[in-house]
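Some structures are shown below for you to check.
Paired with chain B in one complex and with chain C in the other, chain A is shared by the two complexes that follow.
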Partner chain A sequence: MEAIKNALDFSDFPRVDLMVAGAVSIALVVFPIFPHSSFAMSTMIQFLMFSLYGMGWNTIGGYGGQVDLGKAQYVGIGAYTTAVMLIRWDIPFWFSMPIGVCLSVGWSFIIGYPLFRLKGHYFAIATIATSLVLKDIFEVWGFVGAARGLEISPIEFPPPDFMRLIFREDIYYFYVILVFFFIGILYINWFRKSRLGFQLRSIKDNEDVARSLGINVHWAKIKTYAIATAFVSMVGSFHACYVRSIEPEDTMSLDISIMIALMAMLGGAGSLWGPIIGAGILIPLKSYLKDWLGAQAGLVGIDLILYAIIIMLISAFEPRGVWGIVEKIRRRKRN
Partner chain B sequence: MDILVGSIFAGLLIGMILALVALGLTIIFGVMDIVNFAHGEFLMIGMYTGLLTAQGLGIDPVFTLPVAALVGFLLGIICYFGFIKFLIRGPMVAQLLGTFGLMLFLRNLALLIFGSEDRAVHSGILVGKSFDVGMGIIVPATKLAAAGLSVAAFFGVWLLMNRTKIGMALTATALDAQGARYMGIPTERMNALAWGIGGASVTIAGALLVNFWSVNPFIGLLFTMIAFAIVALGGFGSIPGAFFAGLVVGIITEIPGFWDFFSYTFDADWMMNVPMTSFKYMWVYVAYFVIVVLRPRGLFGWKQ
Partner chain C sequence: MAFLEIHNLTKDFGGLRANNNISFTVEQDELVGLIGPNGAGKTTLFNCISGLHTITSGQIIFDGEDITALKAHEVAQRGLARTFQVYVAAGDLTVIENVMVGCFMKARSRSRAKAHALEILKNMAIEDLSDYLVSELPVAAQKRVTMATAIGSAPKLLLLDEVAAGLNPNEIEGIMASIRHIHEQMGITIILIEHVMELVMKISHRLIVLDYGEKIAEGDPETISKSPLVIKAYLGERYAKEHNLS
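Right, the complex of A and B next:
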């Protein structure tokens, strides 16, 4: 009960924040009622998915300050668990998703134990290495379809099917992921005020001091890494049912890992709203840029060039992200 | 036996070039404590430079090295003054993502300009020739020349770092930037120089590599990871370390050859069924992981 009360308690935010958050929530809930293109709908779903990825990354990367660039491997584990179980044994989504989470978390413990003996650059590059190893294995492993990947055919599993999460219209997917999204926000709101959340922030500020205060630094990091992993793996499972065709290249590539980290970075790592703001800016920008410049003007890759320029500008001039700018303005007003 | 010796030899040859690829990364890291994710993209630019100069001027790819070195030097300096200078003031997260942004930028710029198809050198005095060394080892002339030139370039950079005043100033900046500044060393310029030398050495490696390796805009990441593995094994910031680690990693990339050798020797069917060539580069990543976990300092490193 205490945990639920804590999760629902947003009273430490200024009132403006809560009003904006409430308005955005209502807008999200009623959005599908208004006329919209299917392109807008899929962008919206992408936005919600990447906010969730970003929230997961934010626990370890934002509150904990450990730059993890290997989150894509857990997207892959989640997506593949769901797809393989559905295709081979006809196990519905709502059962395979927790199994996928268990597998991901198990794997995160196995590699997390040696990983968190590393710091800084070494840690970041080692997470990339593990992710690439897993991707290479999935690319030749025949059981999971090797490089061709897996496809959930709509003939074999006729839509609509809530248990297997197979629908024809995107609107159902939208509401499913929206529920995940709200639960995710409540969880993170609880997490940041929990014992682990405070431990983690003290580790970020000064690891040696945190250790001298009696915090088990290694274990706290591993636990948080597992939480982040669970988030990412859940959305990965959803991804499998949503796109219905997965392959190693588009679920486990380094680009996905970086995108995940970028959401939180751009919005503001270490704040509750950061990943949501980041995804809200980057995802529409990316998909519309790709549509206008890539497909219509015929310039392949120019959307990614603009994207790269944004990354470079943000990291060079405002490393604390959009939320950092907002806080700076607020501080100036107060003085 | 032939396969075994041949694999070791091939591994050592490619390792000499990979060592040159990693040299730039280790210099930049040693001097500035920044990890450059765009390193493989610098290599890709070196490869395109070699290719296009050779085709445009109609000269042999081997003689394009000075052009590649110049391009790399300028690229490094431009990157430093235009971007990295602002980046190093921020936290480590921002540095990592910033150089990743640089990587994405260069890769997609190349995609926009050159298109996504593979390109390769088809003519040249070395292309298509090979030596029979005996014991069943046949060495392509391009690889041999590239390895030899890469060792020469490596030795040149080593001399520059250890036998000249500029090299000493660079080392001083690497050891203690603030102390170096008190001694009157312009550390800002030293940082830029490190990027210049790093860029030049990696583009030379690219111009050598293009003689026997086709190039496309996406080739960078693989070499970035290989370079990271070499630098981690040799020790971040160590130049001799990078050379020996390059040889080791070169041999690691030849693991499929050893696998074949053992599966023929033991006549083991299950070994032949494993698609080892698909795992060719996986062992590099595994090696990186094992090295940094077991010995974060690397073989010759002096930085933790």
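Right, the complex of A and C next:
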């Protein structure tokens, strides 16, 4: 009961935040009613998906300060679970998605246990490694289509099909992911105020102090890692139904892992709005830059250069991202 | 059986023996000072007791239970809290959030943790700081916050590591009042490491003196302040000789 109350309680934010958040929410809900290009629509869906990835990452990476660069492996597990189950056994999305979450979380416990014996950069490198190893396995594993990947054929599964989440128009996907998005925000709003959330912030601050306050640091990290994983896996399942064609290269590559971490870091790691702001800046920038400069001017890889520049700017000037700047200004005004 | 018993505690870091065969006991409701020159192994001893270091040999018994092999968070859960000497809160936690982290050890729900934290802040007379970031506060207030955080975990024994270091005489008076308050009003047994002699001599019931990792003396403040061994440890061999102390 109190958990629900906490999830719905945003009263510790300044009124400006809530007004902006409300306006953005309304804009998101009514957006499809207005005329828009299919490109804008797909960018919007990408934005919501990456916001959710970022929110998940933000639990362990932002509140917990554990830079995880291996989230793509869980996108993969989620996406593949849904695709394989649908194609092989005709199990619809709403059943395969929770199963995918279970598999991802199970895997996250298995690798999280040894991973969290590592700290700092070593942890980050190890997460990259596990993700890449899993991708390599999927690339040679015939059961999941190896390097060719899997395709959900619209002939075999004719749209519209809510249970299997197969639609012809993007607008349906948009509203499904939008619901996930709002639930995600409520969840994180609860999480940041929960016992685990507090323990995690204490761990980020100083692990020895956290220990001396009775916090089982290793276990708290593993639990949070599983929460982050559940978010990513859920969206991964959605991704499979949305793009309908998945292969290891585009669901589990290092790019995806870095993008996920970057969303949260650019927007503001360890804050509720951070990942959303980050995704709101990066995703449109990325798709439009790719479209204009990549396709029209032939500058391939411009988005990668952009990521690199952003990473350098964040680490040099404001490690807490855009939201860090906002908070700094606010504190200066207050004091 | 005493409240806290340390039996022949030894801690090695590679070839360096930081604590050598230390034994002492602390009774419930005592306020014990732990003193000694820099590098005497005081903080190491705290780290050993609170479970952050695994000890090389010896035994630690707290409240009738052998806690020698327990991990730090398990020791804390049994009611043994501590503060840290160099604790710069660089994080984004406000004062009340910091204290809530401590309270969350026992409290399962946020509302209960918050209520308890508020109560502690009021009790320590720092409730007006509750919405500041810890890093924004002056050192004296930060030290109080770290004490309040430790108290949040509802300890039976509190280890205070140099809470008066770097404070001016006025602030030391304030901290001393806080320590007394914790000890007398909240009924928490305290061991404190302190270099500020006017504080530790005034406040402690009993002193334990470490030098080069060994316990060299133990007794009430009066006796300790006159003990030749202690004076030698602090002021050096030559001073002691010149004043015919040894």
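Brief remarks on what is shown
As a convention for this text, the second predicted complex is superposed on the first by the 333 of 335 C-alpha atoms of A that agree within 3 Å, B and C clash if a C-alpha of one lies under 4 Å from a C-alpha of the other, contacts with A are read in each partner's own complex, and residues count from 1 in each chain.
We take it that contacts are C-beta pairs under 8 Å (C-beta built on N, C-alpha and C of every residue); 3 or more make two chains touch, one makes a residue touch a chain.
No experiment lies behind these values; they were computed from the predicted model shown.
Using the contact criterion defined above for the overlaid structures, shared-chain residue A:I4 touches neither chain B nor chain C, since it reaches no partner. Contacts of A:Y307 after superposition on the shared chain: chain B is touched, whereas chain C is not.
Within the superposed three-chain model, A:L254 lies in touch with chain B and out of touch with chain C [touch as defined at top].
When both complexes are overlaid on chain A, the residue A:I110 reaches neither chain B nor chain C. Once the two complexes are overlaid on the shared chain, A:A126 sits against chain B while remaining clear of chain C. Of the two partner chains, chain C is the only one touched by A:D205; chain B is not.
Between chain B and chain C, the partner in contact with more residues of chain A is B. Of the two partner chains placed by the overlay, only chain B lies in contact with A:L69; chain C stays clear of it. Common to the chain B and chain C contact sets on chain A is no residue at all. The touching residues of chain A, when paired with chain B in their complex, are 61, 65, 67, 69, 114-115, 117-118, 120-122, 124-126, 128-130, 132-133, 136-137, 139-140, 254, 258, 261-262, 265, 269, 299-302, 304-305, 307-312, 314-317, 319.
By the touch criterion given at the top, residues 35, 83, 86-87, 90-98, 100-105, 107-109, 111-112, 116, 221, 225, 228-229, 232, 275, 278-279, 281-282, 285-286, 288-289, 292-293, 296 of chain B touch chain A in their complex. Touching chain C in their complex are the following residues of chain A: 2, 6, 193-195, 198-199, 201-202, 204-206, 208-217, 270, 320, 331, 335. Taken together, the chain C residues at the contact with chain A in this complex read 50-52, 71-73, 76-77, 81-82, 84, 87, 89-93, 97-98, 100-102, 104-105, 107-111, 113, 133, 136, 149-150, 152-153.
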